[in-house]
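The following pair of complexes shares a single chain, subunit A, combined with subunit B in the former and subunit C in the latter.
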Partner chain A sequence: MNISYMYSLIAVMVLFLLAYLGAQVTVGKVFLGFIIPFLAAITFIVGFIYRVVDWARSPVPFCIPTTCGQQKSLPWIKSAPIENPSTTGGVIVRMFLEIVFFRSLFRNTKQKLKEGDKLSYEWEIWLWVGALAFHWAFFTVVFRHLRFFLEPVPACIQIVENLDGFLQIALPGLLLSGVVLLAAVTFLFLRRIFIPQVRYISLASDFFPLFLIMGIAFTGILMRYFTKVDIVGIKDFAMGLVTFHFHIPEGVGGLFYVHLFFVSILLAYFPFSKLMHLGGIFMSPTRNLTTNSRVKRHINPWNYPVKVHSYEAYEDEFREKMVEVGLPVEKMIEPEPPKEDAPPEEEAEPPEEAEPPEKEAELPEESEEKE
Partner chain B sequence: MSDPTPEELLLGIDPKPPQTGWMDTPVEIKKGIYCYASNPKSVEYVGLPYPRQWNPIEEDWNLPENWKEIIYKGFRERLDRFRSIKVFMDICVRCGACADKCHFFIGSGDPKNMPVLRAELLRSVYRNDFTAAGKILGFFGKNFKKIGGARELTLDVLKEWWYYLFQCSECRRCSVFCPYGIDTAEITIMGRELLNLIGLNIDWIATPAANCYRTGNHLGIQPHAYKDMLDFFADDIEDITGIRVDPSFNRKGAEILFITPSGDVFADPGTFTCMGYMMLFHFLQEKYGFDITWSTYASEGGNFGFFTSHETMKRLNTKMYAEAKRLGVKWILGGECGHMWRVIHQYMDTNGPPDFLEEPVSPITGTKFENARSTKMVHITEFMADLIKHGKLDLDPTRNDHLKVTYHDSCNTSRGMGLLEEPRYILKSVCNNFYEMPANCIREQTFCCGSGSGLNAGENMELRMQGGLPRANAVKYVHEKHDVNMLSCICAIDRAALLTSMEYWVPEVDVTGLTELVANALILPGEKERETDLRSEPLPGMEGDDAE
Partner chain C sequence: MPNNKKMYDKGKVVAGLIIFGVLITFPLWYNHLKVAPAPEPKLVGKAAKAGQECIEPKSFMKAEHMLVLDIWRDTVVRSAKRVYVNESGKEFEMSLTNTCLDCHTEKAEFCDKCHNYALVLPYCWDCHIDPKEKM
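Let's look at the complex of A and B:
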């Protein structure tokens, strides 16, 4: 039984207590309110850039896109310009669909063995739905939160928030993104617990961000709808953060500090973790390369000369046999082969022995032949 | 022999993972699954490190003293050289989308055959040795490491690598479904490179690679024998058609060089495909003055180096251009093969540039193969599809009427190239009964034959039949639904591997190369009335004559 989620759960609970208790004293507020968020933001920005630059430092020696459709070959054969993109435009569309709509995940199937001997593959859309809901809701939430850091609030944020609250229920108005985020993250967590294979492969580091984000969403929702935190105070505080005029906000409880602390932890944790898939997806060579590898030469920057068994060495070894069956040769056999011919022959011995004769004999029948 | 029957094998699939976590489940190297260790003489012949006798099921693998250091350095070097491996080590979120996409997992239920876990075997060591998080966790002790998914490279871990990296056929099906395009083939390729640094290859890769290096082909066929084989096929063709074909070898000044996997020269049913090439070239020569030569030096399209290391791949692949240059041909035509085409399509041009060749133009139709402008190498199905489209082949598809054909996309040509329609177009032109397998098992979602990437040995038959199950199961489906009796493919390893897999899972279905079907239908100028197909099986309507 994989209990790695317990470690993560405990870790997040400890973090919760730390923040909640810390917020009871002034020193704690200073740390939780300014110092930690500041350090976290720096860690995030520097760490993120460092990781991406570090990836970029390694070259892409070969053009290895995964082709998921018909190649562009003969003019009368319809090619798949996005799934097998031979142009940069195609790659951009492919990457856009991948990053914004999780194209590959959309293909997901679930394999089953039916009636003991029939394999079936059914379209499995829920992972895609859950993942898309999660990421889009998260993005919307983050985007909405920019209103705390910008004065005046740009119209686009207001529009998104209006859309987000289109249900127009509850007071303050229910914003869908927060609820969807919490629901989706819970779904992704339950998936990891209840699907045996996914549970088996899950590490503590898969659960930790889930619990953290659950905590963030949960505290956020609590503050907005239930404890009804002082929005003006928080805006004031947030503006202080970005303009470096720190002051401790009035009338904000421990919950706010927990929320902020969780966000800080998430930011600081980000560059060291799998969350870097946000940057990595842009760098994935199986997706971001054009599939024109036979049209345009891809340069391998570290290409180096290698030892090759030359035709001359080959002919030297087999010349007599070649001449015997009438195969053309570069050099005709001299009447008495000089002694120098011996070494390559000796060198050539091993593989012949290496292939056990009986294996060769049984090849045709046993179809043991290799491509 | 302990190989399970199909029923036993199916019953043995338990997709439920074990109670113990994967890091706490030690590897058990099982007979029927693992391949024999590389023969030291083969390793030595190509000059790869640490050739020695060793046996996977023995405790001691006779590793070099400093093997950990070698692996560590090798890993570092590869992280610096391949962005793919670096990114793929970092960004997996373990969503599990890849898990049930792998034919080896579907057929075995072994959780370490889930692509994600196969990669985690390496990733865990990567985290420990190369990441900040791993180092921080390591500071708190071994258990913390484990919680963070990191572990040290021990002998057991190394054995686990070896065992599972030779249970991946580099088919890339998982990478189609991965939301980040993480390609287990890349991970397996790197892992095998690392293993090769300390002499841990399997013999079904090491010896063919050595043979390719020496004789030009993996079976170690020497030039005179190669010619003899083709002469022998010419005899067969003469018996069947009354026409004597006369292929030329190593001929300087030919317009085109033809390179195909040597497997087709050696074993049925590939031999019939080889006969198909010979008949096609003869037809084109007679009718249009087509000028092509075979080579005994570059007599292998397949590249067993690709399963060893990028360097060995290049050392073998270089022969193609070298031979084209020596013979002074204009361009190269490549036969039906899977990973050969992955190498040609995605790797070969980096070994060029072949500026001594010309942009490929079909001498018969005048079609410019613009998609091969830089590599100067054209796939036989691209070439044939173009001929058929222009009406240049005289075809009688009724000669394939005794066959109900389905088509298996090779992993490499579909996911490493996108060659999907050309073979289908040809198939539909040369046979009247063509049925597709279900959509989730063809084209970019095709299943591996189960024996790709050098795993087509005899001693790992259980593994091969496990891996072959998804493909065979889909064939069985069309066999039951449409009475399909022939599985066509464009890969030499398929022709070998699927034959065994069909015998095991769907014995009613036989295996053929595409060009064999073309040759069955192809009307050679001046041929006698054919009574049999290339396999000397009576043609439809000729059964009676033959029986008497």
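Let's look at the complex of A and C:
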């Protein structure tokens, strides 16, 4: 039994109590209201940049893009320009589809033994559905939250909010993304609990962000639809927070401070955790490299000059001894009287002719033969 | 951090980080580092000036006015009941026009102040227009 989720659940519950009780006193409000959010924001920004720079400093020794289609080769072989992008444009399209629609996750499969011992592979779409719903809902909620931070509120936020509330039910009007967020994060949690293999590999650090986001969505929904908060007061406070004019909002209850504290914890935790996949997806060599390994030589950046002893040099060094014991050599020793040498010269290449051009010229001939 | 200080694809990575920085600090420069003053809704109706009290305390109205209106509408339309009795036993006619609008005459001076500020734009006004508003 994997009980790591218990640690995360307890951690989130302790954080909840900390914020809820802390918000009852003025010192607590000062900490929860700006000292912690401010430190969290700095940790997030500095930590995020640090992690990305760290990745940028790690060399990529090989050309290792994952491919799911035919690489570009000969003109008459149909290639897959997005699945196996040989151009920067193709890479951009592939990255975009990956980041926005999680294309590789869409191809997720699951292995199963059927009828006793028949191994079968099945398309498993639900992780993709859950993950996409979760990320899109999260993004939409955060985007809509900009109404608390911007004055005047840009029209695009209103458009998103209208679309999000298109059901036009409940009062205050139900915004779908908040509910989808809570439902999707719950699904992603249950998946880790109920699928044995996934439960086996799940760590406390997998459950913690899930519980934290569950807590954020839950407190947000409570505030909006049930307990109600002073939105105007909170906007005044939130605008102060992002422009460094701090003041404590009046008459705002513990739930808001819990919401804000959870978000602060999420921000501060972000750079140290798996949540950094937000930056990491852009830095993944398996996604962001062009599959041009047949066209361009990918040089390992940590190559240092290696002292090599080529076969040519080796033969030059040992030719006489090799000939002596009857080993085949590429270049015969030139005998002293040149006249007698006419027949073997056909095999061995005349030393005057440059070697590389001749080798290159040989290659197309071979491929033509294959055609 | 690896001990060599070279950044690969420096141009692209730095460009990406600049985009990240600009997006994350968007509220800061959008607001020009200033806090726009919070709205102050004004009561300009005659009844309000004559000292008329609201049906419920301000804190309750602030949080629940939309539910009050919703319940009033349903009660009037479906049960034909028109009298609202508040906590302290005072009676009011359940009517937006005859009760609320006596004090809250100007939508633009009262409702819109907070509603625009907090971007809460109910769809009621898609059909029911305020006659004073120019289309």
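Keep this in mind: the second predicted complex is superposed on the first by the 306 of 371 C-alpha atoms of A that agree within 3 Å, B and C clash if a C-alpha of one lies under 4 Å from a C-alpha of the other, contacts with A are read in each partner's own complex, and residues count from 1 in each chain.
Everything below uses one rule, namely that contacts are C-beta pairs under 8 Å (C-beta built on N, C-alpha and C of every residue); 3 or more make two chains touch, one makes a residue touch a chain.
Every value quoted in this text rests on a predicted model; they were computed, and no experiment measured them.
S.K.: Quick one: is A:157 in contact with subunit B, with subunit C, with both, or with neither? Answer first, second, both or neither.
M.R.: Only subunit C is touched by A:157; subunit B is not.
S.K.: Per the contact definition in the header, classify A:245: touching subunit B only (first), subunit C only (second), both, or neither.
M.R.: second
S.K.: Of the partners subunit B and subunit C, which touch A:58 in the superposed model: first, second, both, neither?
M.R.: Both: A:58 reaches subunit B and subunit C.
S.K.: Determine, under the contact definition given at the top, whether A:26 touches first (subunit B), second (subunit C), both, or neither.
M.R.: Neither partner.
S.K.: Who does A:45 touch here: subunit B (first), subunit C (second), both, or neither?
M.R.: Second partner only.
S.K.: Under the contact rule defined above, give the subunit A residues that sit at the interface with subunit B and also at the interface with subunit C.
M.R.: 54, 56-60, 283
S.K.: Looking at the complex, which residues from subunit A come into contact with subunit B?
M.R.: On the subunit A side, the touching residues are 1-2, 4, 7, 51, 54-74, 76-80, 83-84, 86, 98, 102, 104-105, 107-111, 113, 116-119, 121, 127, 131, 195-206, 272-274, 276-277, 280-281, 283-287, 291-300, 302-303, 306-311, 314-315, 317-318, 321-322, 324-328, 347-348, 350-355, 360, 363-364, 366-371.
S.K.: For the complex, which residues does subunit C have touching subunit A?
M.R.: 1-2, 4-10, 13, 16-17, 20-21, 24, 26-28, 30-31, 33-36, 38-39, 59, 62-64, 66-67, 70, 114, 116-123
S.K.: For subunit A, which residues count as touching subunit C in their complex?
M.R.: 44-45, 48-49, 52-54, 56-60, 146-147, 149-153, 157-158, 161-162, 168, 171-173, 228-233, 235-236, 239-240, 242-245, 251, 279, 282-283, 301
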